[in-house]
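What follows is a single structure, written as structure tokens, with notes after it.
Chain lettering (A, B, C, D and E) follows the sequence in which the chains are written, and residue indices restart at 1 in each chain.
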Amino acid sequence: MPGKTGTAKKRSAKTGLPPGFLIHIGEKHSEKAKITLREYDETYFREKEISTLDGVLPSSDRAGVAWIHIDGLQEIHLLEQMGSVFNLHPLILEDILNTEQRPKSEDHDEYYYIVLRLFCEDADDGFVPEQISIVLGSNWLISLQEKEGKLLDPVRERLRNEKGRLRRAGADYLAHALLDVIVDSVFPVLDKFGEKIEILEEKLVGSPSPKTLQSIQTLKREMIFLRKSVWPLREMIGGLARSDSSLIHESSVIYFRDIYDHVVQVIDTIETYRDMLSGMLDIYLSSVSNRMNEIMKVLTLIATLFMPLTFLVGVYGMNFKYMPELEWQWGYFVLWGLMIVTAVVMLFYFKRKKWL
Amino acid sequence: MPGKTGTAKKRSAKTGLPPGFLIHIGEKHSEKAKITLREYDETYFREKEISTLDGVLPSSDRAGVAWIHIDGLQEIHLLEQMGSVFNLHPLILEDILNTEQRPKSEDHDEYYYIVLRLFCEDADDGFVPEQISIVLGSNWLISLQEKEGKLLDPVRERLRNEKGRLRRAGADYLAHALLDVIVDSVFPVLDKFGEKIEILEEKLVGSPSPKTLQSIQTLKREMIFLRKSVWPLREMIGGLARSDSSLIHESSVIYFRDIYDHVVQVIDTIETYRDMLSGMLDIYLSSVSNRMNEIMKVLTLIATLFMPLTFLVGVYGMNFKYMPELEWQWGYFVLWGLMIVTAVVMLFYFKRKKWL
Amino acid sequence: MPGKTGTAKKRSAKTGLPPGFLIHIGEKHSEKAKITLREYDETYFREKEISTLDGVLPSSDRAGVAWIHIDGLQEIHLLEQMGSVFNLHPLILEDILNTEQRPKSEDHDEYYYIVLRLFCEDADDGFVPEQISIVLGSNWLISLQEKEGKLLDPVRERLRNEKGRLRRAGADYLAHALLDVIVDSVFPVLDKFGEKIEILEEKLVGSPSPKTLQSIQTLKREMIFLRKSVWPLREMIGGLARSDSSLIHESSVIYFRDIYDHVVQVIDTIETYRDMLSGMLDIYLSSVSNRMNEIMKVLTLIATLFMPLTFLVGVYGMNFKYMPELEWQWGYFVLWGLMIVTAVVMLFYFKRKKWL
Amino acid sequence: MPGKTGTAKKRSAKTGLPPGFLIHIGEKHSEKAKITLREYDETYFREKEISTLDGVLPSSDRAGVAWIHIDGLQEIHLLEQMGSVFNLHPLILEDILNTEQRPKSEDHDEYYYIVLRLFCEDADDGFVPEQISIVLGSNWLISLQEKEGKLLDPVRERLRNEKGRLRRAGADYLAHALLDVIVDSVFPVLDKFGEKIEILEEKLVGSPSPKTLQSIQTLKREMIFLRKSVWPLREMIGGLARSDSSLIHESSVIYFRDIYDHVVQVIDTIETYRDMLSGMLDIYLSSVSNRMNEIMKVLTLIATLFMPLTFLVGVYGMNFKYMPELEWQWGYFVLWGLMIVTAVVMLFYFKRKKWL
Amino acid sequence: MPGKTGTAKKRSAKTGLPPGFLIHIGEKHSEKAKITLREYDETYFREKEISTLDGVLPSSDRAGVAWIHIDGLQEIHLLEQMGSVFNLHPLILEDILNTEQRPKSEDHDEYYYIVLRLFCEDADDGFVPEQISIVLGSNWLISLQEKEGKLLDPVRERLRNEKGRLRRAGADYLAHALLDVIVDSVFPVLDKFGEKIEILEEKLVGSPSPKTLQSIQTLKREMIFLRKSVWPLREMIGGLARSDSSLIHESSVIYFRDIYDHVVQVIDTIETYRDMLSGMLDIYLSSVSNRMNEIMKVLTLIATLFMPLTFLVGVYGMNFKYMPELEWQWGYFVLWGLMIVTAVVMLFYFKRKKWL
């Protein structure tokens, strides 16, 4: 579970700093930031790497859309430049750098600020959350990501190849396309969870061990973390769909509502998984009790079988001078017979009590 | 529990595709889609199988209602045709094909889109959810189902035979009739649950086993799944009843309110079953504890009875040279007497402690 | 718990029938329906049994109130007659017959439809819910009950004898009087619950048994059922008190608010009982654990006392040729002394550990 | 827990009576009711016991405030007189007499009716709830209490002595002063709870017994009862603070908001106590489990130590003709050595397993 | 957990006093109060200690901001002076002195009253909550703190040194700066919690003991206390951000929204910690059960192994006259072989049952 308890740890480093003071909260990556400018409208599409943000702001009367994508947040001067070129509020720059942000969207009249988390699977079967910030203007959009990744490639591909709605529509539709990809990035993560839960269930039925419990708890906790990331999306995307901002055209609203449906579906699945994990905990605990019962049964069986017999042989091990049975010729064999009968009767009794 | 963890698995296959891209999410059925057109008003009723949707859109000034029912979603070109003939938004076509949809209704001014799940009992005592989509226009209605089924037959029958309200009223009343049948399809499923719960209860009282627990958990989980399908109906049908869409006549509103009552009744029953299942889990766990107590009692009884006696016979099995009791003529019998008294006293003590 | 799992079973028989199709859902009673017409105003009071509903609808300009009370719902033609005489919506007739209805009230402009449940104690210490429907018109009121009962007698008595508000006021005040009696019918049921809970508590403290647990669970479940019947009353009576229907005079509103207070009091008590029952479950479970501890203590005590002693006597039962102690004259008595000391020390140790 | 299950019992006695029918629900007190009239404004203060309510209603143009306080509710004719003199609604008189009322406030235009519960500590460490009703008019206030008590003395004192705001302000401020004292009467009760919880916690850590559990449950239940009394206050006092009644001057609103803050503080504390009691239950249950573990450890230790040794001495107690060890001169001592080594090894093993 | 159960104890001392009666609720500090006046605008900054509040109220047409900070609340006459100089409502003075106040903000038109709690770490790894009151006027701000502390130093520093927004903006921005520092003071506390939780988790996996449980419960309770302090902040800061008070300029609103985001982040983290602690309790309880299972396994193993063997050697310790095996020359060794085989078979059986 990345960033779990680390959240506050890093965050507390900012205590006492003035708002708008830019400091990067999160893992440092040594590589330089990489800026890609994509300009397009229905008829043309240009894509180039740039090193400065000066002059990228398109004039408001130009038709096309300019999409600036920045990978890497460590160059603070770049963000300051961005702030002055696009006239962004200092608090937004601060939020972009604080990568422990809660998903939210803010309407600043001139632009819309959206921050949320996408999920990449990592090497060892887990997932890495990554914060992505989107600033949506009238005919431009800035997206900022901590690390370069392939998750947004489908959008890039659609921009390059197809002459579809994405090229015809405005920056708001581009924002939708990005949000769609980001929200959908949770589905493979949920898949993984589903598989893990299924494997755990088989283990639970087969041979539950304290390790199984630990796995359940780990899953539960990852679920808590995932839930924390996804729940605010509901409100946020819902807000976008209901927004009366001039930046979001009415024809795009239905697309945001579509993403909203996805978010609700994700939340439904998370809640279902939570319920299932709770049920598994109950099963685990009762299976521990059942094993205890099994063990106790064996112990009781053995004790009940051998204690009376041991008593009997003890009796005839006594050294009293006058013990008539000892003198009988068949005494020993009679005793054996008695003991076997006793044992058989007891086993029969256990059988009837369903202990065997 | 069908589709449970599979939801995300299949869903994640869509990640990265543009909205409106048509891909069938769900089980594939190889049969060809079957389209049935039913046209009716108070005086006539026509029913025929058709193979194309061209020309089925009735002109808006015609009096009767056209009901197009499609069984099978695998022919994507058919849906594209439907989209262009009835001028439907691409996202709706996408939703129709994605058979893991959350129940919802959307007002698109020109038409109303409703998607929900009906429940068929299957061979082995379970139930199969099936998604059904309804598009309601001014004087037409399209219903789409994954597989041909008999669940909607009552509506078809009522259309054919009776000269009742259904033939006189508009397409909105037909939508109501379909929703009514679909919502009512949950009642037999709830019946099954009720019966299973009753059987489980008898088992719980009689002879609870780890299997009983597993059955409880299975029921609980199926309940979670059912609940997930039914809860959104409340909001959705409530929305229809409160809707100010021109597609739903005021005289039909009371009928939607009636369905709303059914949904609330279903939800009430589901919540009651959930509470009952929780109570059963408590009973199971405490019955496991009680059995443990029973077993421990037997063990303790045997041990307490025979340990002192075994000690006594051990004493007189010692080989000390000078042990006066051994020389007594009646020593052996006195000891037997002593041991029997001890045992009787102990049994009496256990009796008083209610261990016997 | 009457009707619990039966709800859906009977209800599902209606699946597929058109709305407004009249079929009686509930227990059949063979007796004929009995209709009583009571007409009254401040000055006169008439009461007679009638056999048809034709002509009972008072003209809207007449001053008095006509109260039609029907016992027994099995004569469907009577309900159809009622529907046409009072011009009731078919869905209301359907709701009246479906005796598994959720309490609700509906404003149909011309009349107000109210359905709820009253509670009669039955022979063996339980309670029987019975559905009662009330249709309130401008100067008439129809009440329908499954079986003839005495619960409404106080209202009848007040009508006959007193020249109080009930005779002076309109049909809405009669509706209030009926609702008041019906809601108050829950109080004796709650009494019974209170007594049962007190008895259970004494048993819990005295001698808890698996039976006690079962009683707790039974009570819990009856509580769930009762709660399900009472909760919707809150919304429903609250709705009546806030209603702006012309059928409910402003001067009556305060009386409905009074009933609302009663409902809230009932709900409060139910919630308190639920909390108490939950607490009892905790006590039961921990008392089971405590008994286990008691049993284990006895076993451990016995084993710890006799195992070392048995070992000791075993030692001197060995047949080694050279065992010096066996030759000692007082060896046997020394050993007895040693064993008694060991036992006393152990008992002392247990005393200090509070096991005795 | 006073009045707990008795609530419904007494309440059900009223079932079937018409609204406004006056019957005293609650404990009977034999003493006569005592009426005290206090009249005051900034300049004068009069206080006298009266025996009739006739003529106490001040004319609405008089400046001062008349406060009528009644101790004892058993004289129903007095309440009827009050009803006619102050023109109160019969339902209010009924509510005053029903001392199992839920706290609430009602705006009757001409007057404001408030009913709530104050808490007196009783002799044996518990608390006695007592219902108090307040009717607030334009320049008069009636307060009714079941028994004479000292809780309102501070208000009386402030009226007599000080020339403060209370004498200058109107009847609404007097209502505030009374509510303030009543709400604050919960704080000492909460104190007691806090102390009891602390004592219980020490016991839990020291020596938990089934009695401790019972104390926890008793506290929990008293908390439920207290909560039931206090929760409605939130809504009620909040309603007073937001009220637009002409009876409550705008300058008094802030004082009601102050009481509202107290209520919220009380509720916060109650919720905290509830959480703490839940935590204590968990600790108790796990401490029972821990004791069981301790006991089992002792048993296992003894059994594991002595069973092998007893087996060994049993071996050499056998009577085989040819057992070479028996003939060895040092056999006995070698065996003793072997047994001691075995025991030491086992103890060491237990030590390492942390069982000792 | 400071002040936990003490809350009501101290608070109840006020019962019966008139509102506005000034009495200091909380720990007494003997030092004299210290008043610091800071006056500043964009161009100048003055800071001095003063001993009286007379004359510090700046005229409303002056440009700069006056910030009066008071450390120590014990000098009641000072508060009275403050009340008269700044024309504050007596209830506010009362609230300032009652240091068990729930966080809240009140709009009094002329000024805004804010009270909340900051958190200082104390010597032994805990945290000390301290109440801070802020009164925000048009161009002045009063802050009151119980004890002198360093937590507000960053604001003081920013005032002294920088020519930033803080010096240019008005008193509302100063209020924001203080609230920002105060809210952020929770982050280090959360850090501590995070570390403690991590340590506890390691212990849980390694060697859980009853002490671990106690630590979990202590953390849980501290969390309850922290939560109680932080939850109301959400509503309060949200209220400030939505406020239409003329005291808060529109350009400051976004800064309050920023604090709101911090509060939500804190609450999210607290809820996550709560969930984690609940999970840890489950793990602890099941690890106790697992240990019990381990112990029982050992006991059962030993008993099952040695009971049959002890029985066997008992058999050949009997003194029957005619026991053929005793006469056999190799009888003893055959028995040893038999016993070893028995033991091996049993161990093998345990191995297969996974008890070893």
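Note that in this section a residue touches a chain if its C-beta (ideal position, glycine included) is under 8 Å from a C-beta of that chain, and two chains touch if they have at least 3 such contacts.
Every value quoted in this text rests on a predicted model; they were computed, and no experiment measured them.
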{"item": "Joint neighbours of subunit D and subunit A, given as chain labels", "value": "E"}
{"item": "C-alpha-based rotation, subunit C on subunit E, 0 to 180 degrees, nearest 5", "value": "145"}
{"item": "Approximate Å spacing (C-alpha centroids) for the pair subunit A, subunit B", "value": "26"}
{"item": "Centre distance in Å when subunit B and subunit E are each reduced to the mean of their C-alpha atoms", "value": "42"}
{"item": "Touching two or more other chains - residues of subunit A", "value": "285, 289, 292, 296, 299, 303, 307, 310, 314, 317-319, 323"}
{"item": "Partner subunit B, residues of subunit C touching it in the complex", "value": "4-9, 11-12, 14-20, 89, 91, 94-95, 100-102, 104, 106, 207, 210, 213-214, 217, 220-221, 224-225, 228, 281, 284-285, 288-289, 291-292, 295-296, 298-299, 302-303, 306-307, 309-310, 313-314, 316-319, 323, 325-332, 335"}
{"item": "Subunit D residues touching subunit E - in the complex, by the definition given at the top", "value": "153-154, 158, 162, 164-166, 176-177, 180-181, 184-185, 187-188, 190-191, 193-195, 197-198, 205, 254-255, 257-258, 261, 264-265, 268-269, 272, 275-276, 279, 282-283, 285-287, 289-290, 292-293, 296-297, 299-300, 303-304, 307-308, 310-311, 314-315, 317-323, 354-355"}
